[in-house]
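Chain IDs A, B, C and D follow the sequence of writing; residue 1 opens each chain.
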Amino acid sequence: MQGERTIVGPVSTKLLLVECSDRAGLVHAITGILLRHGCNVTSNHEFVDAETRRFFMRTEFTGEVNDAAVEAETKEKLPPDAAVRLCAMTPRRVVVLASREHHCVADLLVRHEFGELNARLLAVISNHSRLGKLVERFELPFHLIPHDGLSRQEHEGRLLEALKRHNPDYVVLAKYMRVLTPEFVREFPRRIINIHHSFLPAFMGAKPYQQAFRRGVKVIGATAHFVTDELDEGPIIVQEVLPVDHTHSPQDMAQAGRDVEKIVLARALKLVFEERVFLSGNRTVIFD
Amino acid sequence: MQGERTIVGPVSTKLLLVECSDRAGLVHAITGILLRHGCNVTSNHEFVDAETRRFFMRTEFTGEVNDAAVEAETKEKLPPDAAVRLCAMTPRRVVVLASREHHCVADLLVRHEFGELNARLLAVISNHSRLGKLVERFELPFHLIPHDGLSRQEHEGRLLEALKRHNPDYVVLAKYMRVLTPEFVREFPRRIINIHHSFLPAFMGAKPYQQAFRRGVKVIGATAHFVTDELDEGPIIVQEVLPVDHTHSPQDMAQAGRDVEKIVLARALKLVFEERVFLSGNRTVIFD
Amino acid sequence: MQGERTIVGPVSTKLLLVECSDRAGLVHAITGILLRHGCNVTSNHEFVDAETRRFFMRTEFTGEVNDAAVEAETKEKLPPDAAVRLCAMTPRRVVVLASREHHCVADLLVRHEFGELNARLLAVISNHSRLGKLVERFELPFHLIPHDGLSRQEHEGRLLEALKRHNPDYVVLAKYMRVLTPEFVREFPRRIINIHHSFLPAFMGAKPYQQAFRRGVKVIGATAHFVTDELDEGPIIVQEVLPVDHTHSPQDMAQAGRDVEKIVLARALKLVFEERVFLSGNRTVIFD
Amino acid sequence: MQGERTIVGPVSTKLLLVECSDRAGLVHAITGILLRHGCNVTSNHEFVDAETRRFFMRTEFTGEVNDAAVEAETKEKLPPDAAVRLCAMTPRRVVVLASREHHCVADLLVRHEFGELNARLLAVISNHSRLGKLVERFELPFHLIPHDGLSRQEHEGRLLEALKRHNPDYVVLAKYMRVLTPEFVREFPRRIINIHHSFLPAFMGAKPYQQAFRRGVKVIGATAHFVTDELDEGPIIVQEVLPVDHTHSPQDMAQAGRDVEKIVLARALKLVFEERVFLSGNRTVIFD
């Protein structure tokens, strides 16, 4: 079934990703370089953060070019603080961390199987055995790394070891229910994406649906965000909500939560894996 | 233009509103009473809160009955903690409190003018002069009660005096930007409705759109709720959201907020003024 | 993993489902019967269609009763046109028909695996081989019944044979792309549910996303409905939409369509399998 | 109150609007021209329609420039089929046509009063007297032009005469319930915006809510679109929906329709009046 996967964009699609402090003439300069190298620009987005005066640009193009030369020339023409990246639109290498809940992992397995994410799932790692059978159904590696009897450092050490063997571009927390230490997070800067069980910044702590039920909310939400040192405070990628009412028990709210979580996570991952998400301080700039 | 107002339900529609602790046979008992009195039930809703075992029922009916007799008989047949109310589906008497923002007040004035709320607006009271002209355009009384140079008690004293002259069933805070004291709130128990500038419980404090912008949210919400002693903690009636993204400035988010606030407030008021909202502890039970 | 399935309601939950022409005292009569039999009503919904004067009622209750006696007594007390059904809240027996598209079938397989539908999936039948591997991953029977070289009657004959072997309560068309004959539909009256590729009644014909793209729509929808003799005209159960814009190619619109289709179908099936959906002419009455 | 109106962008904000057949180097060429003239680009959007290979670009900039010179130079550097427009971000001159329904007109009057549209409302013209009082409350001209006893040509002649006296940039049909002839439409090419009572292309004919009720839909929508020769077939600008269910009478559906119509129309007008909407065949390209 792997052979059937749809490819996102033609094989030869490339991306030029730029961010730097704003000044006059940036778009003109960058498009000039691509023009001289004979690139055919198929899509182009720019944005200037009015507050920080920071410039962001994502350009999709085709054409046989010397990637290193284009990247170097772009860097040369831009302000010294510029971050420039030229890369191919190839499937991103991804490892998923999960705990006991199935809905996000199952949704990712199905989308992966049918080529709906621009990603190659390398493995699922879990601190519980519950999802092993599901992952094996899709013929992907499942690593059980229980945390019982281990210190946080020991457990994260084992996680890291397993992760690094797969050398992922991104790490996805698909309802991984343990807090990661800042040391762990720093190993994958801007490369860990989490799905959070609420419409952040509401209900940040434990038992969110019990909290939501007690508060009598009329909407249940979910938030996909990058993970940073500060718990639940990383840049938000996607947020959506579903309506609920007084007839919903905490369990019904949890089911609504599962439905919205899996959609929100899949949308966020598609955006990230197609390199459509930039970070501007603690906010995201998304070119969709 | 008053003559053109559509009437919600036929003039003779009445409501029987019941809440009490649950026990077997309540619906059977209540419908039996209405049946014996020759009422024609046109709509009926019940709900039992699974947690508190409290029973709620709203029945719409037509028919010439002795209201006091039906109410008394219902009370007699129900548990001693029962609250029973029989009332006509007539427009509720309403006073609006506002400050400087126009969007909610303007929306209510238009809906009132064309009979879309089951309400009679008696007056708008404000601590600022800005909305005076707008209210006068609709030929309704506008009372300016500034707070400058007054203690909170003095200012609330003047508000209360003006309010009581109109003897309202409900008081609507349509972007009234001052905190009310518990003493004031207790004058209108379960009868003050507020529109809050966010998807509660997120962003409870001041400058919500600046907060939302900084946090980089992707959704802007609004919450209509009953006002209780605890600020921003009263039972929620309606919540909705609109999507935003990185191109929205704090001002754009505020505009999105205004659009969703006026819709949420109007929906909540329609529900309350048609007596579709019951309180179950700090949650609402809504029969729509 | 079957053992982990959550049960919808306690094992002993039963349903009394009633529809008949409206007259005074129906709720009183029915609740009286349940009261006398010692049933404990946990949830109750009624509705009267104002146009047709038809009465609908769904009651959930617990308690050890003689089902046949309650059903018979209810029937006796109601108008002669009454349809009365007393049944247990047990998982419904379901066969899925599909063609080449995976998204709805995969979503149902995952929800079934983790007990999120009140259903037991008996088999997937398809006229294409493409989904065979997916179904087998979940250890469910997959019947390939190709239509090539067969007349419509011959093909439907084979489908029917396979279906009847499983004796399903409901047949789900999860992107089954062939039109069923009225003869086939009549074999499962009110028991076939289809997911339609648009916000009915728009885009009823073929290539809906190409049509939607050409028309430049800003919203993509999906509709779950009962199948009747008239193609795409059966009673609607659930409809929802997702926003799209000019940057969406027909392929992107199709992806948005897949995302909304699978959610809409799952919601509709949960409602149907919990017996929350009544038919009132060509419309549905839904007690959720 | 006019003095309080917020200004959309600083007074000196200008727009360069370009569309032409696509070829390499367009963005580079256009940004080069603006750079040489010392413009400060504050926002820039481009899009290439993959199907028609047509290029669209909207650039906001500030700076004292010779408008005619920039426009001419841009035209010179682009393909011969290019349409180029340089204009200031000043309020658009707008006349509203209405019939008997108040909700859209009232919403526009309020938004205009408080400066939420980038528009100056010049007058409301109606074939009915019903909205006269409402318009006068806001001190705007109301022209009553009844159609009784007039041929379509005669009536449209009078409309045209009144319209041309105001010399509007745009004509808004805010629930104007008469079909306009192609001759009339051609007087304002791409400059008439209509709000349609449904989620087009469903329910195109008369009595849409009766139709929607009969079909048992679960969602009510509205569509804002440009008016072209073909009734209800012009390019769509905004579409949104609200959920409904079996408890909604046709009247309730109409109320939901009014709520969504006024929001959809206001959003569309804001986009059009800020020149964010381009036409690509029968579809819109929207830079928001």
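Quick notes on this structure:
The rule is simple: contacts are C-beta pairs under 8 Å (C-beta built on N, C-alpha and C of every residue); 3 or more make two chains touch, one makes a residue touch a chain.
Quantities reported herein were computed from a predicted structural model and do not represent experimental measurements.
More contacting C-beta pairs link the chains of A-B than the other of the two pairs A-B and B-D.
In terms of the distance between Cα centroids, chain C is separated most widely from D. Centre-to-centre separation between chain B and chain D, using Cα means, comes to 35 Å. In this assembly, the C-alpha centroid of chain A lies 41 Å from the C-alpha centroid of chain B. Multi-chain contact residues, meaning those touching two or more other chains, occur in chain B at positions 50, 247. Considering their complex, residues 47, 49-50, 199-203, 213-219, 221, 235-241, 245-247, 249, 280, 282-286 of chain C touch chain D. Across the complex, chain A is touched by residues 24-25, 27-28, 31-32, 35, 40-44, 46, 48, 243 of chain D.
Those residues of chain D that touch chain B in the shared complex are 1, 102-103, 106-107, 110, 113-114, 116, 133-134, 137-138, 247, 255, 258-259, 263, 266, 288.
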